[in-house]
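Two complexes, one shared chain (subunit A), two partners (subunit B, subunit C).
So, the complex of A and B:
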């Protein structure tokens, strides 16, 4: 039965199509935030100034908080932190490969540029979630927006400083050449959750465009991935060009930019394929959980009698 | 941090899209205010918030009293006066108490500590059989939700609110 945007079911009455759409959307949102935060923390004692140490640490804390907010929504489908993070199959994560890429030691241009590319995309997608048909999604948007507003500004301030120096700008250009294709995967369709249907991530690249269409048709998000991607390009390309950087994309501002298959990396994250860096990162952030032999992620001691 | 109140008071005027070509003086080379902070004062007030339980009676009133005893982990202020509690309802039939609560910051590392404390304190109220805590995020918490008594507490603690 087709649902219109304003009649998305109550959490207890979701049909299969609604469950899959909700799970797919929340995982792509939460996984992006969580994995990006894991990477940011690598910088928190290595950034070039104490203030930028603090800024990166703070941005990481923000993103972890937002990951938790999105994972919490999946509590409606019976998922807890254990299944969603520490005991989850790494192949089931649906984050963009942009956020999993490793940092080259000392290349400060990378977290700055990555943050800019990501935070512009995040602003756009939050706008497209503000009127979500799922109240728990819509209710979170304002909170997250208010905590995000400084991320993009921080990134742009640093981009402009770096672009002002020839050596730094060359480093930015090299980093942009490496990261841009991965940033495009922010707008790629997801494979459904594992086991959801034949197109699930059990088979790599088994993307089911129907799920992405459902996310919009059911009103969970009010813009398509294509619309978000085009809007993102219309912002980031002219801005980066204004810093004398060459953006590796076909097309121009008048006719719009075109994302071709050739512009995308082999691994796209969303479809369940990941770069090698992901396996290492996953191993790292689950290590303590595994070594402690924990079966509960958060309770430090038994509740008092 | 479960509370993220800032102790400054000014209006920032940040250019969201600083002109990279502008000929800026060295102090303003980034085109933005350094050390920007969140001005919670800009938040909008909600009609029925802060909720303080002033009108509550019976078991609900007892739950509010219990909640008043819980302090924020970082500052000597009750979580009710801080404006974190958005609502309390108790079903007199089955003794199920439902508390709607928010946090000042999504990345609050004391979240579990605080929500568990609330559940324990509420379920310990005479007549309450079960406590359900619902974390809510809308409307977004702002400093406008701090009660007058809470503001006094914060001022005594050294914050200017």
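So, the complex of A and C:
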């Protein structure tokens, strides 16, 4: 059971367990948004039409804005953008591998499908954060929610239009086969941050189920990863099937679907293991920062409220 | 309306799609607006990689928004050009991909390092601002109308570019040095932004006589120098020795045009400059890769009774 909101300590009085839970949760939220936005921007000046170019740029900026909001919560633990992004060890990022996958040139089916899979998951997790015991988290949910419903609508419009055309549907299917396993990692447990306990550090797959349990027990999020994952499957599987797409997962709607270890990819992101594409992406987005020898990322906007 | 009447009536925002205008006017206006629209797209193409390379989340957001704005300006301008009834947007975009569409000289050069970003975002955009401000009084009303929005947003871009420049020039010695080098490379191109001197300009006389163009190349260039030389110096940039720039008695500046590389400029104007061709073809390849999506949308639209699809955009 989740504890009542007032049981979570004030930012200055957090104990070790609370700190680790808060840090783990916010990193998985922020890293997802940041890396997804980074990938979306690749479509700027490359989208099929000027209109879709503008729309995707818009979504990219929304997600970047959300990343800013979640990273900013970690300011309470003394972290700034330098430690969280530009000077962070790439192995310490906790985003799902879904968001780091590179796009194949011209495969518009990918951003559309990826956006759908991600945005449904995001809607569910935001609902589970609306009553978070950490007020700063709960306060930010509404702003993010107001933008998210548009993203999902946009993705579904495109999916339906592409699925209506035989050749385009085949592209969707191929992309779904590639992305779906990575999408399942959205609901995988995180390795705790470095130095938090024995399970953290350089060991790959150093998952500590204790941290994920703490996130829920301390009321930071009001649903477990399993619950979120099941609900997500109960939405995306029937929807994708209604578009005549075959979803690569065992089980059926009545008995629920089973996410076995075999259904997951080798790299899961959450546990600190990443696909090779991530190392390249990290190298690119930190390039200027390194070349100029910066030691502080520039802030030009006010901190989020 | 014949051409003499057009010349007589030519004034700010004088003509709209309700007027029957001679082909000569419509073609000249199309050429001018299409050039402008193409430049927005190719400028965005050049700046896009720096969304990723921006050295902070805030800068990344600002860069993504800027690139998005430029695409939005392109969209707006193609619409203003289309309204002249000479070319459709598809034709203009196809021409741009094929290497037939013309665009600004500065966007034919490659951009490789972050220190180059203010060369575009501050100086080139600043130069563009000067020209665009005068175009709010152009005779083709849809063009002038588009300029209202473009000028408003461009003001933010220039501020953003100025902020990056200011940051670089107050950073480490290395940053300052790299920025100065980039400035020296870009400075002559930036001056050439305004095109050749009035007596070498091919289209100026007609465009001016029908009110499409509001100020001559020379006047715009000189006004730009008056404003931006002091700004460059304020941030610690040194103005290169070449092209030679004379300061007049009244404190205004004039450039020695023979010091500029006009062969290169006219090679660029013909879309025959190697790096520029690489950028034209790079964009073409990216557009060809999503041909299948446009085909799907078109099939979808014709199946739905020929209405252009809106919902998914």
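Simple rule for what comes next: the second predicted complex is superposed on the first by the 291 of 305 C-alpha atoms of A that agree within 3 Å, B and C clash if a C-alpha of one lies under 4 Å from a C-alpha of the other, contacts with A are read in each partner's own complex, and residues count from 1 in each chain.
In the analysis below, a contact is a pair of C-beta atoms (placed from the backbone, for glycine too) under 8 Å apart; a residue touches a chain by one contact, two chains touch by 3 or more.
This structure is a prediction, so every number in the text was calculated from the model and none was measured.
Chemist: Touching A:83 in the superposition: subunit B (first), subunit C (second), both, neither?
Modeler: Once the two structures are laid over each other on A, A:83 reaches no partner at all.
Chemist: Is A:41 in contact with subunit B, with subunit C, with both, or with neither (first, second, both, neither)?
Modeler: second
Chemist: Which partner chains sit in contact with A:108 here, subunit B, subunit C, both or neither? Use first/second/both/neither.
Modeler: Second partner only.
Chemist: Quick one: is A:157 in contact with subunit B, with subunit C, with both, or with neither? Answer first, second, both or neither.
Modeler: The answer is both, since A:157 touches subunit B and subunit C.
Chemist: By the touch definition at the top of the document, which applies to A:91: first (subunit B), second (subunit C), both, or neither?
Modeler: So A:91 meets neither subunit B nor subunit C here.
Chemist: Which partner chains sit in contact with A:243 here, subunit B, subunit C, both or neither? Use first/second/both/neither.
Modeler: Only subunit B is touched by A:243; subunit C is not.
Chemist: Please work out whether A:68 is in contact with subunit B alone, subunit C alone, both, or neither, and reply first, second, both or neither.
Modeler: both
Chemist: Using the superposition on chain A described above, determine whether A:127 touches subunit B (first), subunit C (second), both, or neither.
Modeler: In the superposition, A:127 contacts neither subunit B nor subunit C.
Chemist: Which of the two, subunit B or subunit C, is in touch with more residues of subunit A?
Modeler: Looking at subunit A, the partner in contact with more of its residues is C.
Chemist: Just to be sure I read the superposition right, which of the two partners does A:146 touch: subunit B = first, subunit C = second, or both, or neither?
Modeler: Only subunit B; A:146 stays clear of subunit C.
Chemist: Let me check the overlay on chain A: which residues of subunit A are in contact with subunit B and also with subunit C?
Modeler: Overlap of subunit B and subunit C footprints on subunit A: residues 51, 61, 64-65, 68, 157-158, 161, 164, 298-299.
Chemist: Within their complex, state which residues of subunit C touch subunit A.
Modeler: 41, 44-45, 48, 51-62, 64-65, 67-68, 71-72, 74-75, 78, 113-115, 163, 167-168, 171-172, 174-175, 178, 283, 285-290, 292-294, 296-297, 299-300, 309, 311-313
Chemist: Hey, which residues of subunit A end up touching subunit B in the complex?
Modeler: Where subunit A meets subunit B, its residues are 51, 61-62, 64-66, 68-69, 72, 138-140, 142-144, 146-147, 150, 153, 156-158, 160-161, 163-164, 242-243, 298-299, 303-304.
Chemist: What part of subunit B is in contact with subunit A in the complex they form?
Modeler: Its residues touching subunit A are 14, 16-18, 20-21, 29-32, 34-36, 38, 105-108, 111-112, 116, 120, 135-140.
Chemist: Write out the stretch or stretches of subunit A touching subunit C in their complex.
Modeler: 34, 38, 41-42, 44-55, 57-58, 60-61, 64-65, 67-68, 71, 81, 85-86, 105-106, 108, 154, 157-158, 161-162, 164-165, 167-168, 171, 284-285, 287-289, 291-294, 297-301
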